[in-house]
Amino acid sequence: MSQRSDYMGIPSSTGHFGDFGGRFVPEALMPACLELEAAFIDAWADPVFIDEYRTVLQEFGGRPTPVTYLGRFSKKFGVEVFAKREDLAHTGSHKINNVVGQTLLTRRMGKARVIAETGAGQHGVATATAAARLGLECTVFMGEVDTQRQVLNVFRMELLGSKVVPVTSGSKTLKDAVNEAMREWVTCVQDTHYCLGSVMGPHPFPWMVREFQSIIGHEASEQLARRGVGVPDMVVACVGGGSNAAGIFAGFANTTARLVGVEAAGGAAVSNGSPGVLHGMKSMLIQSEHGQIEEAHSISAGLDYPGIGPEHAYLAAAGRAEYFGMGDEEVLVALQTLSELEGIIPALESAHAVAWIMQEAGKAIPRGSTVLLNMSGRGDKDVAQVRDILRGRE
Amino acid sequence: MKSLEVHLRELRATGRKALVPYFMAGVTPDWTRHVAAAVLGGADAIEIGIPFSDPMMDGVVIQEAAQRSLAAGTTIDTICAELTGASSGAPLIAMTYYNLFHHYGLRRAAGRLSASGIVGAIVPDLTLEESEPWREVCDDTDIATIFLVAPSTTPERFKTLASTTQGFCYASARMAVTGRAAGDGDATRVVNAVRATSDVPTYVGIGITTPAQARDASQRSDGVIVGSALVDTILRGASPADTEEFVASFRRAIDE
Amino acid sequence: MSQRSDYMGIPSSTGHFGDFGGRFVPEALMPACLELEAAFIDAWADPVFIDEYRTVLQEFGGRPTPVTYLGRFSKKFGVEVFAKREDLAHTGSHKINNVVGQTLLTRRMGKARVIAETGAGQHGVATATAAARLGLECTVFMGEVDTQRQVLNVFRMELLGSKVVPVTSGSKTLKDAVNEAMREWVTCVQDTHYCLGSVMGPHPFPWMVREFQSIIGHEASEQLARRGVGVPDMVVACVGGGSNAAGIFAGFANTTARLVGVEAAGGAAVSNGSPGVLHGMKSMLIQSEHGQIEEAHSISAGLDYPGIGPEHAYLAAAGRAEYFGMGDEEVLVALQTLSELEGIIPALESAHAVAWIMQEAGKAIPRGSTVLLNMSGRGDKDVAQVRDILRGRE
Amino acid sequence: MKSLEVHLRELRATGRKALVPYFMAGVTPDWTRHVAAAVLGGADAIEIGIPFSDPMMDGVVIQEAAQRSLAAGTTIDTICAELTGASSGAPLIAMTYYNLFHHYGLRRAAGRLSASGIVGAIVPDLTLEESEPWREVCDDTDIATIFLVAPSTTPERFKTLASTTQGFCYASARMAVTGRAAGDGDATRVVNAVRATSDVPTYVGIGITTPAQARDASQRSDGVIVGSALVDTILRGASPADTEEFVASFRRAIDE
């Protein structure tokens, strides 16, 4: 197992993690990226900012989230599994960590408005939430197909005072929502911050979002230490853009823990993709033989993204983290298994990580290993969909 | 100096304002005839859009054109094959997103474009900071790499961009993607900012939709780029003759 | 303001709070009530039990829940409002506190099965959750009308391994579900614990559930003290059966804080009811002139109960707490207001407390008062309903 | 000793096993004729159910009967009015839930029942521990308060309940609500537990649905209570004559 002491530190000055990352945006956005980078560097070195970020996450966001020992699940699969409970954070997933950070930064930069992209709506709801709390204006771009699939999340954002704009270009889903948010950002970059939802996009987003999410890993590391578990043998997280995984990996990148990211089989940018440039970054992407970006396909909307954050591409290339794909079928079974055994209904996204553990317990995960699972979100948002699928089979 | 820039500087020296229409390659089977018609209509150079699935800098018209073209099976190779041999009489400039070149292989892409007569490339998501590998492989060809400047560009960046761009400097008149807002917006300020640091030809684009706007913008710069307005007519079924007249109408306004 | 030092202590040996409470159950259930009382007294004096209860709530349930200062809301209404965030507890409301306690007690009594009643499904989902965690068999009784209104909660319970039994008697809603659970309990009391969902039913339930919920008030009191707020001027909570209110009141019963319970106007057992006997207890009930129990009517299923826990009836009679009703209209507005101003979508139940604060700020609540609001649950479960109502008006 | 108990002890002394059918008052307009018919058929006492909205101890049949009766406007007053003057020839025992008496006023309720000829009351949700106020007001009338015992009853409670009940002791044969499980279940054990501490007449109820079950149960006790099986026939449209024959069939089996 490679063990260097400099993983997940500060990227190069141009925002590169090894061969990946960087900035690939219209010139119109470059000044905003630079301004954001400077503002973030400044804020992240300011104890007052950090204190407010932490306080808001604690008093508003529900942090620290607990680590739950999954007793019956562990017994059944012969590995010792601890779950970091991001499902208990406000709005139901880790997304709140990032948006609290970015909205505070927005205010600090003197901007009065945020825009965001969203797929199923989790990041959109989180952004709308954090924006409401600060009284920031908020517009969320969402593929038209997704607005129809997720009418309730659209309504949630509206309740929170945000405007939701259906995106009708391309495949009308998440990647097009990102494109559209970027296009919008070009027109209003002066007074508007683009609150990106994962460790992707142009520098400094992948780094900044990872920093805002790293509270997951730092908390978990401390919690496991306090519980006497110490460094787990393995840390497992699902990967869409990769923010929850980056967040939890950050607490263990320079330990002996094996880091495993689980992508949707139908959107496995590391396993099935190739290097490319999209949405402002160089990373691993699912693309056609001609370099056209392909749509990802997954039962879980949050993993329906054809790319992965550039730092993950780097961690994979460097051999520090491993990435695997899990299919929809196994994910459905995992969701049911965890619900029945532990009383925790995981988000379909998070269920990818559960499924991988179930599949590999006693194989890639030696019996008796300690495994830290990132329960990135709760399954409430997915219950209607899962019900329809399972009922459809009866 | 790349031949494109030599050509465009000479053009400027004649006192003629450049008119650069944009076409989406492959959007119709007869797209190369539209290109030729534009030259007849008075175009000084042609932008050839290579369709990409995720055109971050483009508005709905060019998105739509890209989708149609992709659906018809357009690739770098099909475009180059169609261009090869079909001399248009004006310099051809590729416009697309970086992933296509990256995926094709930078060196291979530059070579292929060059071999089919293309002399410039506009890659709006390729920032100055990330452009070195691409510019390096272009150095082995005659392809000029054209950079954009925008109303938000800082003084320092104006300087570097104006001194790095080849062929001409693409001045976004507005903070907008293609085809979204009309008018020449901040054109004067942007063009002047370039001129303050460089004598590279500077063309105004983004938001030029009418001959009158083109005339105004060309008076403050060295030329204009007309994109979505033209693509829109082709999407609506314009013939090459229509295109020729469309371009000619801009020509007349500019030359008035 | 009355201020005695003995509110919310241990009820009389027969389970009376003043004139209210007691035990009104079939003889077949009396031994079980007595056994439960003994088991609870024993467990609640056992540091090992208390420690496990607290640990499970912490590591599994997400406690302590934070107290959030509602800055924009406070500013708008001229009172200083702090929200105790039970919406962040596992399963989305305070219900988890009670079911964790009761399921641990079930195991301690050597029983392998729990039954529960549920209205909209919150208590049912919570019970199914806690039961899954311990591997207890679980059956939930739910009015047939409610199973149809809340198909997703039915599915959630099923996912968690519970059986949901639609109740077709009477009005086919919550009160009938309680009746049916009681009837079932008669048949299986030997190996089955009835996990009642609020501070109601026969002794020791009202006391026991209040004790399991009092963690809310004790935490909040400590949190406000640590924040320098000290004892708030007022503590406001919604009241269905009254468990979240009892839980938060318990931390302030013997302080100077005014205690306010907000019932649904269409189920205001204290304001509009009269003393009576139902579901094993003597309390305040909504009943016809002939003593037939009437159906409650509220936009929020969780407050759709024609009674109130007996201790509340006592606190009202003793003048220690005040109870008011809020109508559906005001509640809808309150839900929207809080969402927009604070980024917290409250449960419709909790929105009753919000609505009362909005109505009385500057009136019954003097300007500048500090108010502790119990955010008993999150509104995600209600979003579809609220959307339908608001859309229906457009 | 209340007159009900005197009467039932005398009955037992004759060697006759008591047969106590249950009727839901007001379930049909002619319900009092069913009561009279039951007496003709051989009933020794009659339980008169007063409908309550939330009959926690009752199964679906009696729930249904209660709902029909309530829908027809039945109240304590209407029942008492219909009973007053209509001598049935057998002791009448009210059966209902505590809230109705509580709401009516305990003293007023006891007085009203008594005035209309009722001599006993079964209130299944009124526990021994909570019964004092009710028993006190009954002391001023001739109403006997009848308690239930169940298979789950503890030895200590058997003792207190058997010594407190008046008229007879109602022995639940099963851990079940009315009309749910059939058969006499734990009847023997429950009856013997009562007999071990008291000589009060002890009747078996809950789950007696056929004449054969009634015969078996009566052999182990002093009598039987037949509820849901009879109510069910009335819900299905039985006439008073049918009721007489229904009761008579149980009578014959018991007396065999």
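In order of appearance the chains are A, B, C and D, and numbering begins at 1 in each one.
One rule holds for everything that comes next: contacts are C-beta pairs under 8 Å (C-beta built on N, C-alpha and C of every residue); 3 or more make two chains touch, one makes a residue touch a chain.
Treat the numbers as computed from the prediction; the structure is a model and nothing was measured.
Looking at the partners of subunit A and subunit B together, they share no chain.
Chains that touch both subunit A and subunit C: there are none.
The chain with its Cα centroid farthest from the Cα centroid of subunit D is B.
Distance between chain centres (mean CA atoms), subunit B to subunit C: 66 Å. Averaging C-alpha coordinates per chain places the centre of subunit B 97 Å away from that of subunit D. Subunit C and subunit D, compared by their mean Cα positions, are separated by 37 Å. Not a single residue in subunit D touches at least two other chains.
Shown here, the protein chains touch in a chain-like sequence that does not close on itself. Touching pairs of chains, sorted by label, consist of A-B, A-C, C-D. Every residue of subunit C that touches subunit A in the complex is listed here, in rising order: 58-62, 65-69, 71-72, 85, 88-90, 92, 128-133, 135, 151-152, 155-156, 159-161, 335-336, 339-345, 380, 383-384, 386-387. On the subunit A side of its complex with subunit B, the touching residues are 14, 22-32, 34, 169-170, 175-176, 179, 182-183, 186-190, 274-280, 282, 285, 287, 290-294. Residues of subunit B that touch subunit A in their complex: 52-60, 63, 67, 70, 75-76, 97-100, 102-104, 124-130, 147-154, 157, 161, 172, 175-177, 180-181.
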